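Common to both upcoming complexes is subunit A, partnered first by subunit B, then by subunit C.
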Partner chain A sequence: MSTNVIDTIIDCDIHQRLSSPANLFPYLSSARRRDIEAYGLRFPSVGHLNGGDRGYRHDSWPGGGEMVGSDLELMQQQLLDAYPIEYGILLGQEIRPVGTLPDVDYAADLSRAYNEWMIEHWLEQDDRLRGVLIIPTQSPSRSVEEIDRFAAREDIVGVLVANGSQHPYGNRIYDPIYEACARHSLPLVLHTGGEGTGINGTPTPAGHPSYYVEHRQSRPMGYMAHLASMVFEGLFERFPDLNVVFVEGGYTWLPTYLWRLDADWKGLRSQTPWVVKAPSEYILEHCTFTSQPMELPSPQSQLMTVFEWADASNTLMFASDYPHWDFDSPELSLPKMPPEMARNVFSETARRVFKLPSRVLATA
Partner chain B sequence: MPRRIAVKPAREFPPNTREIISVGRQSIGVLNIDGEYFALRNHCPHQGAPLCLGMISGTTLPNEPYTYEYGRENEIITCPWHGWEFEIASGKSIFNPHRVRVRSYEVTVDTPEPESDEFWRPGDEDPTIPTYDVSIEDGWVFVHL
Partner chain C sequence: MSTNVIDTIIDCDIHQRLSSPANLFPYLSSARRRDIEAYGLRFPSVGHLNGGDRGYRHDSWPGGGEMVGSDLELMQQQLLDAYPIEYGILLGQEIRPVGTLPDVDYAADLSRAYNEWMIEHWLEQDDRLRGVLIIPTQSPSRSVEEIDRFAAREDIVGVLVANGSQHPYGNRIYDPIYEACARHSLPLVLHTGGEGTGINGTPTPAGHPSYYVEHRQSRPMGYMAHLASMVFEGLFERFPDLNVVFVEGGYTWLPTYLWRLDADWKGLRSQTPWVVKAPSEYILEHCTFTSQPMELPSPQSQLMTVFEWADASNTLMFASDYPHWDFDSPELSLPKMPPEMARNVFSETARRVFKLPSRVLATA
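Then we have the complex of A and B:
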């Protein structure tokens, strides 16, 4: 497909990794360190494979036995310097299932350590990088402590939770988290992960899929459940300034899902009378979605029809997912868009949602 | 040109009963709700269901999240098929409060109702059920089209 002319990019999904769990030791008690040395990080898994080279772009493994995603210089070389990245938003990697751990206090301690490690070793090392705080969703009160601890920092731009969850995210059990997000003007960011692991329920209503490629399809299912929950629990009536970002769960399903929500609401409105606007209005006002991995119809120009249906100029934000194997190139992954839409998708909608000031890119 | 359609004698049309009448190709529901008469087109704009056979009730009022307040008793008719709610007096759908322009059917009384069997489709203008004036004259209930 012909490419868009892009002079600045805000990449909404970049993954940095620990080179070893020992990276977290300076931020943990000696008791926690001893446990991790003996048992590892103990994140539950459903045990399936991933894609590419052990889940990543083959060329993003640094070599010499080093861990992928743990090398800032390589990230700069392959992503931050290779494209006109104005800001890159880090969403972590191995920490994301922290909400699936049964031990709430361990989950909270790990979250804090990971956030401190991210700030010291990534955000403070490259001014283009911004971070999203991991929180232990099992404990809204401990989550609020994490948010309050770091939210004043300019390089912290959101609060991260996983798609896999104990409850759909409109549930009022999470209200303290949303109060903290609203207090600090931080968006809630959902990223795939944690579906069907640890203390969470099954990853799909049909139970556990056998294969990784099937498991990936639980992402939009989870996001649909969270969206319906947020609308019908009145989340956006209760927190009228809250923005929610849905990362890596697809986009083209959105417009037809909005049609479904609106159609059902017309006959069922009286059961949730606090939902005073059509569901699509709440979602289009409060929610944004990242692009990677973009679904590709044939011919690819059909995507533009979906982009119009879903108001892509205001709801779609570019993400590369570097260094994962299903990385989307800023130049090649999206169809040619009208210039104003392209500008919004590649930078301006993310600038609004993450409240990132405009700045002139240093010429590399 | 306005037409007056004789429905039935008022003494034979007691409170909380309804009559479905045919006027040409149109079906119209005439409702006596606690002694007050209303008339609506008996055709839901969604998929053509006989709206005036629906339940007459109140509904839950817009409110703070997680709070229910029931009100507007006998002001709402709910389509018997898919549950779309309409305000009986105006014919305006409840689910689209953004259509704030309140239609006055007194203004349109003189306009012959365009006959249409077309179903409402997504993207069409949002639905309003035609309503008609009802009067009692010489002991008879009249619907004014």
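Then we have the complex of A and C:
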């Protein structure tokens, strides 16, 4: 694709990994350590493949048998120093679908251990990095404890949940989480994962697909369900300052989905009278979406048409998904945009949503 | 919307109903009759509301406490004689989600009874009407029995399954059904329903939504899952003449979904090497979609842009959804299209897919 002129980037989706579950041991009880040594982390899976080299860029695996994504120096070399990254937001990997675990106390302990490990081993090691807190969504009250524990830190910029869930996130059982987000002015960040695993239901209305390439299609389905739930449960009426970020679930489906929601709302609005505006108004005001992996039509001009329909200047934020195999380069992954749209997509919309102060780049 | 000039219509989605479960008794064993008298039809439900008057147009309820959709004369007056309907395809109502029932023998008996009732009480009463066969998808072999029993009839034009299902329909356990479709040159017809009910999984990757307006959004999710499954399981390679019709699940999501499928296929095609063409090629060749309920952007010109991207001249077919509350009038529901596109949408694409001979209208 054509290159945009970019002098500063906020990368909204970077994945750092544990080099081993033992990284979390300093933050866990001896009983938890014993269980993890005996059983591993016990994260449920459907059993699909992934792409690239075990899900990652071939060149992002450090030598010597080290775990991909666990090496800050390699991340600096391949991403943070390679592009003008003003801020990079860490979304973790192994612990993120913690809401799929049946044992809520274990989920809460893992969340806290992950958050402490992220702060000590990543956020405090490179001042370009920012983190979002993992919470045990099975228990809104335990989730609030985690948010209140860390949210005052300047390097914590959001609250992270998985796309796959037991309930759509507009459900009012989650209101304590949103009250905590409001108290600390933090956005909710949804990342793909957990669709159809553990205590969650099936990933599609047609059960489980056979292949990873199909499973990826449940990402927008989950985001569609969460968006509809947030609108029709009145979430944005109850929390008028809330921002919600949808990561890695596609973007070009948004405009026609807004048409659909608006049409259905018009025909059925008497059933949810607290929804006083068209769904598209709530969503375009409160929700943003990250760019990777961007759908690629031919001709590319169709993509710019959709960007205009979806108000990309205010709803789209760049993400690289480093070090995953389908990494999007800031230079190559997006079509040539008008300068103001490009500036918003690459930095200014994320700056607003994550409340990140402007600063001179330390490296570029 | 602007009016298209239409001189003949094939309406791909008309709902006729039982006036009572007792309508099926002549086609069921005495044991089944006893159970239905004692327990009713026992169709599982999530418990959502619907729109309009109990799901239907206010004016489509016959007087005297009669069941909506059960009166052929009223259907003739409000639909078949009111517009130039060359053919109208009946998709039933109560029995359609038969695949959600736990007891496969009961599901098979109900399917057969419905098909016999439809033929005797509807198809043989008005020669504009055509029917699609309900099958018990829990059992592919029992489904084949039903198809082989009725498929030779000229007034049977397809095989009907519900969107909500235990497995996506590309799964090879369904191949016997496709072999029967191929043997009789019948398309598979998917209609919304059964999402998250009975033996099926949850309707979204985020569980069950609270309201009917949200539940409606799981319709395109199911169709997306079935499309991906059909492509990546190689269904259209195994059955190169198969046509599949997607009814009442929206249409404008199609082009950007094809972009997404094509991009994911490019990155992951080594995992499904039997998929030798881009997903969009298979889908645009084998799949058609009905128009109702059409998403309505403002300005309308956006809808025509999507129609062009989705090759509406070859993939879109008119449906009224009579007598449901969100009925689409042939005159008012679609934007002004170029004459050839309008002709294809209102009749010629359905004529090709359902193999309906041209004829002079009996009434107009």
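Here, the second predicted complex is superposed on the first by the 362 of 364 C-alpha atoms of A that agree within 3 Å, B and C clash if a C-alpha of one lies under 4 Å from a C-alpha of the other, contacts with A are read in each partner's own complex, and residues count from 1 in each chain.
Convention: a residue touches a chain if its C-beta (ideal position, glycine included) is under 8 Å from a C-beta of that chain, and two chains touch if they have at least 3 such contacts.
Please read these numbers as outputs of a predicted model, since none were measured by experiment.
Judged by the touch definition given at the top, the superposed model places A:Ser19 against neither subunit B nor subunit C. After overlaying the two complexes on the shared chain, residue contacts for A:Thr3 are found with neither subunit B nor subunit C.
Note on subunit A: of its two partners subunit C and subunit B, the one contacting more of its residues is C.
Contact with both subunit B and subunit C is seen for A:Trp259 once the two complexes are overlaid on the shared chain.
After overlaying the two complexes on the shared chain, residue contacts for A:Asn314 are found with neither subunit B nor subunit C.
Touch criterion met: A:Trp274 reaches subunit B, while subunit C stays clear of it.
By the touch criterion defined above, A:Glu237 lies against subunit B but remains apart from subunit C after alignment on the C-alpha atoms of chain A. According to the touch criterion, the shared surface of subunit A, contacted by subunit B in one complex and subunit C in the other, consists of residues 233, 259, 263, 265, 267-268, 271. Across the complex, subunit A is touched by residues 46, 59-69, 79, 82-85, 93-98, 122 of subunit B. Against subunit A, the residues of subunit C that register as touching in their complex are 49, 51, 163-171, 195-196, 200-214, 216-218, 220-222, 224-226, 228-229, 232-233, 250, 252-253, 255-257, 259-265, 267-268, 271-272, 293, 295-297, 302, 305-306, 309, 325-326. The touching residues of subunit A, when paired with subunit B in their complex, are 172, 233-234, 237-238, 259, 263, 265-271, 273-274, 276-278.
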